[in-house]
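For clarity, chains are labelled A, B and C in written order, and residue numbers in each chain start from 1.
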Amino acid sequence: MIPFRLTARPGIPIYEQAVYAATRAIVAGQLREGDPFPSVRTLSRELRINPNTAHKVIAQLLNDGLIESHPGIGTVVAALPSSTAIQRTKLLNREIEELVVEAKRLSIDLNEVTSAIDRHWKRLSTPPQEEPK
Amino acid sequence: MTQSLHIFRKDVRHLWPELSVYALLLVAFALVVPQAWPGAAFSNTLLQTFATLLKILIPISWLVLITRVVHEECLVGEEQFWITRPYHWGSLLGAKCIFIVTSLILPFVVMQWSLLFQADINPFVSISGMMLCLLKFCLIVWLPFTLVAALTSTLSAAFMSLAGVAVIWAALLTFLFPATGTRMSPPFVLEIFSFTFAILLIGTLIYQFSTRRTARSRIAVAAILFLFLILLYGFVGTHCGTPVRALIRNHYPASSDQSLRLVFVPGPLPYEDRNEDIQVPRGFVEVKLPIHLEGLDPNYKLRDTNTSFVIHTPGFLYASPWESAAVGEGNLSFLVPQQVFNRTATADAHVHLEFLAEQLRPKDPQIISSNDSFSAPNNGRCVLTQGTPVCRYAYQISVPTRVKALSNSGACGAPESAKPTVTIFRLVPAGTNPDPVVQEVLSLGSTICAGSPLTFSEYSPAETFRLELDIPSVNIGQYKSR
Amino acid sequence: MTIKPPAIEARQLSKTFGATQVLAPLDLIVPRGSILALVGHNGAGKTTLIKLLLNILQPTTGVATVLGQSTATLTSTAFTRIGYISENQELPDWMTVQSFLDYLRPFYPTWNETGLLDELDLPPNRKLKHLSRGMRMKAVFASVLAFSPSVILMDEPFSGLDPVVRDELIQTLLGRIHPDDEGADESGATILISSHDLGEIESFATHVAFLHEGTLLFAEPMNTLITRFREVTVTLPQSESAEEYMTNLPDSWLSPESSGTVIRFIYTKADTEAPEIAVRGVFQRAEGIQSESMTLRTIFLALVKANRTEDRSRA
């Protein structure tokens, strides 16, 4: 079983949807560091996508550093890479600004936005590991 | 080759019910038919009917088996499972041939041998007869059946096409070409015809297997049948008359023997008792001319007597094709078309006649003492039942034989008037009879007793000859016999 | 490095039966490793095209090649790498599932059926004639996937099957067409599939070809198609009436409809020009422009309707 699904969203390329779903599963902790990542065949089978797309998905995730290839074992989930300054700036400044602009355009107030952020953050977080005493 | 065997094994696995019934049929045939032979110990009409039924069922079972095996990988259609699989057409055709040979022909041959054994004849005495018989079956039955199966997709379609073609064919032959029976065919023409059409049919079969172009193959078969008709028409309608005549004349050289000649003796004909009753075809008249054949050794016999003649009256000329003629005591009879007869019967006509035949020379006669079961020359095996000898041969009788016997009019044992009687049995070529035992009932008048000697005289072919006779003036109308 | 020929190529391929032209001359290239969805209404010519590619039918004009080999001379060896799955194909019904596979095995050098019957949940000892429609199609899939063909041509393989069976078949298919070795240069199997289950094949098809009344309207990558088709709704100011504009719309805007101040149409060039800009060019005073992406199914419906209207207006 693969711990993520594609939600059939028209207009968004399947490849993008798959990369997003995999990324979300990794940050949410459904796939932990060291877990084996599904092969092209398995991805293709389970998500009902063609193998070329599956291949591209894996290539993109490798590129992003979310998974890494170990010879003999296959691909495994990597530790979340540290972000570069440029990546952080892009998210915190540009993309957050876009969110704020859109919210204001739709007359959504700050409280609603922050509680939505809070809700999603909690949902996509792994509960802290219980340390054996 | 391995693909062929693989397909063949699958076919056997699927068709074993049909094969079992076929085997049963052959066994029944081998058991029943000897009981229906002339001279068999216990025979009745029910058994005869059963034997006839089995004789009909055998070709039907061939049609079913061949059609079923070819339709396993049907060649007609667009949705068969095998046309997108790595079948090689050569292997497929090979597999079907292997099936037909091993599961159809081989058991049939074994059944034939069993019948020969039951007649006390060694099957291998006449290899040529066996081969000829099988070849005929191939050309007339098995090859056409396979071709029809390759051009249809269901058993009923195959049966109906075959029946339809057979009926139309027979009708055409009967009504378009009524006089073919009496025509003489040039030497070897039958062989060449058969060979050519066999090649054409095999070619069509291979074409269909390799390309599966059913429409084209069906057209090809229709064209072949049409070609056959055209050639037959040309031959019968004397459109190819000249080359046919030349071929025949070539094969029968003019006689070098000075004493052998035809003589016309004008005058009324003595009445002659006929043994055979030949039907005169519609539109024809039989004319019997008082022509003597002189110079022939009295012990010799004639075979394949044919004649060709030209009738010339003022204002009318008729040249006949080579046709069969009957030689009697001091006369020669042949067929003349009705219209020609009407035109020429009124007055005297000039007739120029050519005659040819093959001579048969008698070999030294063999005297054999008849018994309940005894051997005859030419690998025959005879039985004596109720005073009549019945001689049996494998596949064919290749040599005309004359049998002389001393027969008693009363019961055996009494040394009464034993008068000599004679019977002749003619050539019987290897035919398409599932029963390979050729029976010849020697009707020698009355009873033959065990121990009485029978003289068998075989005739071997001697030289062929052609004679000419010119009759300046004769009124044919006087010599119409039928 | 030699450039391998495309998996399937057709040039001016057409088919006429008697007086009816069933397939107008078409050109098509299916690259290796792609999955082409052949889409069209019933009777558009999809089955004819597939049969032409397999040499079941002979073309009236044009040529086609499969794996570089001309279809007119497809040898028996070629069929060791080509698979055909069709809802209408006859099977040797007297064989059991396992004996059918056993019978086919010696024909193919690359046969591997391990786990296939289990994955498809097929009873090996049941005769083919006793299988339900779905199981029968599964048996056909098994008999084709077992030899790992390089090209698979499928003619309505999911027709009449329930969603469970459809899903199982798609899963099995997708799980078996990629070569084992992850880093291999080999592309996976090329698939040409004609189907009406547009929702399902949209997720895994890489290319789409659209046949309408025997004519190939277009063949392009799925991404391009999804990107360029958008359903656009324009709201005009209260003062205007949408009716007036209906006759002056560009031809490339398909199936325009209007109601009050709203105009809706199918925009087909969103890959080259954003719909908003195109709309602004025609309706300078538009108050609202909404553009929605379309699924393969909605694209298909729109195209068929648009073409039918065009056929009717031309007739």
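Criterion: contacts are C-beta pairs under 8 Å (C-beta built on N, C-alpha and C of every residue); 3 or more make two chains touch, one makes a residue touch a chain.
Model, not experiment: these values are computed from the prediction.
In this view the innermost chain, defined by its CA centroid being closest to the centroid of all protein CA atoms, is C.
Between the interfaces B-C and A-C, more contacting C-beta pairs are found at A-C.
One simple way to say how far apart two chains are is to compare their mean CA positions; for chain A and chain B this gives 90 Å. Between chain B and chain C the centroid-to-centroid distance comes to 63 Å (mean Cα coordinates, whole Å). Centre-to-centre separation of chain A and chain C, using mean CA positions: 31 Å. Within the complex, the chain C residues that touch chain B are 51, 54, 56-57, 76-80, 82-84, 86, 88-92, 94, 103-104, 106-108. Of all residues in chain B, those touching chain C in their complex are 2-3, 6, 10, 14, 72, 78-81, 83-89. Across the complex, chain C is touched by residues 6, 8, 10-14, 39-42, 44-55, 74 of chain A.
Within the complex formed with chain A, the chain C residues making contact are 33-35, 167, 170-172, 174-178, 180, 182, 187-188, 199-200, 203-206, 223, 226, 230, 292-295.
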